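Next, two complexes with chain A in common: one pairs it with chain B, the other with chain C.
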Partner chain A sequence: MSNVFIAFQRNEETRDIVDAIVEDNPAAHVDLQPAMVKIDAPGHLVIKRQSIEDRMGRTFDLQELQVHLITLSGHLDENDDEFSLSWAN
Partner chain B sequence: MSMTDHQRLGLKERYALMTRDLAWDTTYQPMDKVFPMVHYEGIKIHDWDQWSDPFRMTMEAYWKYQAEKERKLYAIIDAFAQNNGHLGVTDARYINTLKLFLTGISPLEYMAHRGFTHVGRQLPGAGPRVACLMQALDEIRHAQTQVHSMSNYNKYYNGFHDFAHMIERVWYLSVPRSFFDDAYTAGPFEFMIAIGFSFEYVLTNLLFVPFISGAAYNGDMGAMTFGFSAQSDEARHMTLGLESIKFMLEQDPDNLPIVQRWIDKWTWRGTRVLAIVAMMMDYMLPKKVMSWKEAWEIYFEQNGSALFNDLARYGITPPKCIEWAAVDKEHISHQAWATLYQYGAAAPFHTWSPTPEELDWLSEKYPNTFDKYYRPRYEYWAEQHKAGNRFYNTTLPMLCQVCQIPMLFTEPTDPTQICYRESDYKEDKYHFCSDFCKEIFDNEPEKYVQAWLPVHQIYQGNCFNPDVDPTAPGFEPLPAVLDYYHLAAGRDNLDFEGSEDQKNFAAWRNLAGRD
Partner chain C sequence: MSIDLRTVAITPLRNTFDHIASRFGDKPASRYQEGSYRLQAENNFHYRPTWAPHYEIFDKHRSALVMDDWYSFKDPRQFYYGTYTLNRARMQETAEGAFSFVEQRGLADTFDPEAKALALEILLPLRHVAWGSNTNNAFISAYGYGTTFTQPCLYQAMDQLGIAQYLTRLGLLVGGVGSVAVARVAWMDDPKWQGVRRLVEDMFVVEDPFELFVAQNFAFDGLLYPLVYRNFDAAIIAKGGPTISMLLRFQEDWFTETSKWVDAFMTTASTESSQNSKLVAGWVTDWVARSADALEAVADAALDQGAAALAPIRDALSERAAKCGAGQ
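== the complex of A and B ==
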């Protein structure tokens, strides 16, 4: 199965975002690189608004990911509660 | 509707309202006349409403998040400038990567801006038009933020002074420029694949991710911030490129062979342009994050095969050039740097011999090729330089008619043999660096016979200032060409060793107490 991935700038907000991703995607692999963090996952990866809000202690709009996002790979589907990446193979 | 009602609408509804309810079909003029470029490439679209932006970005959200990105970026750029951040980079050789960036890449951002305003106007679907509008704005933002960020370096270092003039003239800059000229002069659907797929998916992931991470690692907060800020938009652009491919393939089975040919062509065009980035990563970053080969494997091979496996359900097959590129990944950075090293008198940035430690790093990262084919050459040049014979090649190279790169790449089956291909067209012979550049030419010869090849233009006398007389006794062509490029010979070019940049950086660092 192909990996999907997403990468963020490393900062205070993405620490919570990455923690939320790791908890919601047990197969995810986190790779810390200079100034950035890349998360790979086999086939599918989901980012949940609720999990991020629980960590940040404030409301979070998934479109805020835009500000920290560096790159991604996979088909994207986004609604108010989930941001998911997947490959259909 | 009241604000409260508005806030209750979900992401999908907000996006649908913007892209569907605000679009209309023209009645005073037939749609075909309003959108004259939509049919000639042969792509058949039956229902534009099937196209959807997976990010479901509305204009309101777009302005909000882009403004936030800009505020962050300019705060960092200001801090970097106020704190003499340029003196914090690992060593002054690094600054030459930025000269290449400003002259070879930032102008492409501006060309992408123009391309997307044009294509957004030509596509009848509301969804892709909105996405093209956003991308056009993103691209001009990238050009501006890059110019602003690198203007800090222009205050202190040479070679940053005239990028807009140089992109139209300097020999190696015709490589990236011709890539965009090719895309921009194609039809709107091909442009979406050329830029949305090849440039965004193949190229920017390699440029803005590992290279920019490397810039951060080398202490350049300015480049880090414009690079990551740009790439945050590229994630949206890659999604647009992928969505465009899927959309064309889902609309009509007749689109498959056309899309396949464009994917083959633009994968190769992107791969060739990346030779510059390969060399930046392996030779120009004093502290290395990863080798070009490693970056290629992660961002092209793994990511690309995931994409091609996915597109297989539509009948897309991986481009044939991928196998050739898999051989090239162990060679191109060494071949490209060797070329720029030799032609270091004709480029507005400095080149140098890798240090003994850097040679060891290259040997370790390229165990199959570096010691066998490249290390002896670099060591020989370094010895010659030490003995006072820094080698500058003064014979102009033959260029590939399509990618415009000098004939420097080798046969995939024999790294000691330069690869030459040729085609005859209307009484003339045309030369190529590879099977795939030849194939691109053979598909559209009328387009590529018009290529503005810098070496041909120099030999034809078209690269001198108007007051120059090439027939005057004792005429020296190279200095006249450098004048035409607005390159100050002896200051902007030649080896890093002994350059004004090297001396100033050392003196200023010393004054600032940083060493």
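== the complex of A and C ==
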């Protein structure tokens, strides 16, 4: 199965986002690079708004991800609660 | 000459302060953690306070609540000074917008006079109630233990001061300068306010910080805010339109937000042990009953259906208590 991946800048906010992703995607592999964090996952990766909000302690709009986003690969499916990457299509 | 560019990863020798690392492990800590945990002064107090020699200056035993770790309280909003002030600045901007909108268009002058009189009669004395909560939360913050517990209580105290100011400004804008003095006389002498006034004063002499937390932030505010800022607000909208409601925006938003925090603390305290659960449940029963009694006369004057409106609010509050593990 091919990997999907997403990469963020490393900062205060993405720390919570990455923690949320790791919890929701046990198969994800986190690669910490200087100033960047890349997360690979086999086949499928989901980012859940609720998990991020629980960590940040505030409301979070998934489009805020774009501010920190460097790159991603996979087919993107996005709604108000989930942002998911997969090779399903 | 060729220049070789390469990336060198420099890993920091330490990720955070030692006292934070000892609790969470040596990994990058959030600003909330760094600004909250293990900041409570614990050692090197040579003298006990002369006014209460059976306690240390900061003493866990001031509350009957027994916590193995007072830092297990965690503010779900993760407010430290920076995030708190930023957040409130945003809320204040919204509220200021509403005030200037009402002022510029002269909406208060065209507001239905009967509805206006009722709104002033019910809302303005609440500035004294808010000041009471300011005092109480400052007390909890001063005599409670553990920064994650005391810190948000101080924010709550400041918020209540803000609410008192918004209510005052509402009075000045809608009812003119004299209305504030009228409200003070009502607070001191009007029979319908004496129950609430007595309750506020009774809370002033509660010495257990967590009991006071339950009494003020859960029981009393848990009844007062839905009653006034939902039911009464809706009644005023029906009578005269949304002008007054716009000026209450801050309180409504604020109550929704702070309830989450209050519930989180109630849950942490109640789930610690069965003794705590019983203790908190006892406080809830006691203070909810007293608060409901005190608010009856106010509800009677404020709403067409009168004190009957309190029953569903009380049920909802019991449900909240049960969810927090402090139900009967």
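The rule we apply is simple: the second predicted complex is superposed on the first by the 88 of 89 C-alpha atoms of A that agree within 3 Å, B and C clash if a C-alpha of one lies under 4 Å from a C-alpha of the other, contacts with A are read in each partner's own complex, and residues count from 1 in each chain.
Rule of thumb we're sticking to: a contact is a pair of C-beta atoms (placed from the backbone, for glycine too) under 8 Å apart; a residue touches a chain by one contact, two chains touch by 3 or more.
Predicted model only: the values in this text are computed from it and were never measured.
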Contacts of A:Q50 with chain B and chain C, given as first, second, both or neither: neither
Larger contact residue set on chain A - chain B or chain C: B
Chain B versus chain C as contact partner of A:P34, first or second or both or neither: both
First, second, both or neither for A:N3, with chain B first and chain C second: first
Which superposed partner A:L76 touches (first chain B, second chain C, both, neither): first
Partner chain in contact with A:H68 - chain B first, chain C second, else both or neither: first
First, second, both or neither for A:A88, with chain B first and chain C second: first
Chain A residues contacted in one complex by chain B, in the other by chain C: 33-34
Of all residues in chain A, those that touch chain B in their complex: 2-5, 7, 9, 33-36, 63-64, 66-80, 87-89
Complex interface listing, chain A residues touching chain C: 12, 15-16, 33-34, 56-58
Contacting residues of chain B [partner chain A, same complex]: 10-12, 54-57, 61, 65, 68-69, 72, 204-205, 208-210, 212-214, 216-217, 224, 228, 231-232, 234-236, 238-239, 242, 289, 302-303, 305-307, 309-310, 312-313
Footprint of chain A on chain C - complex, ascending: 7-10, 28, 30-32, 75-79, 83, 87
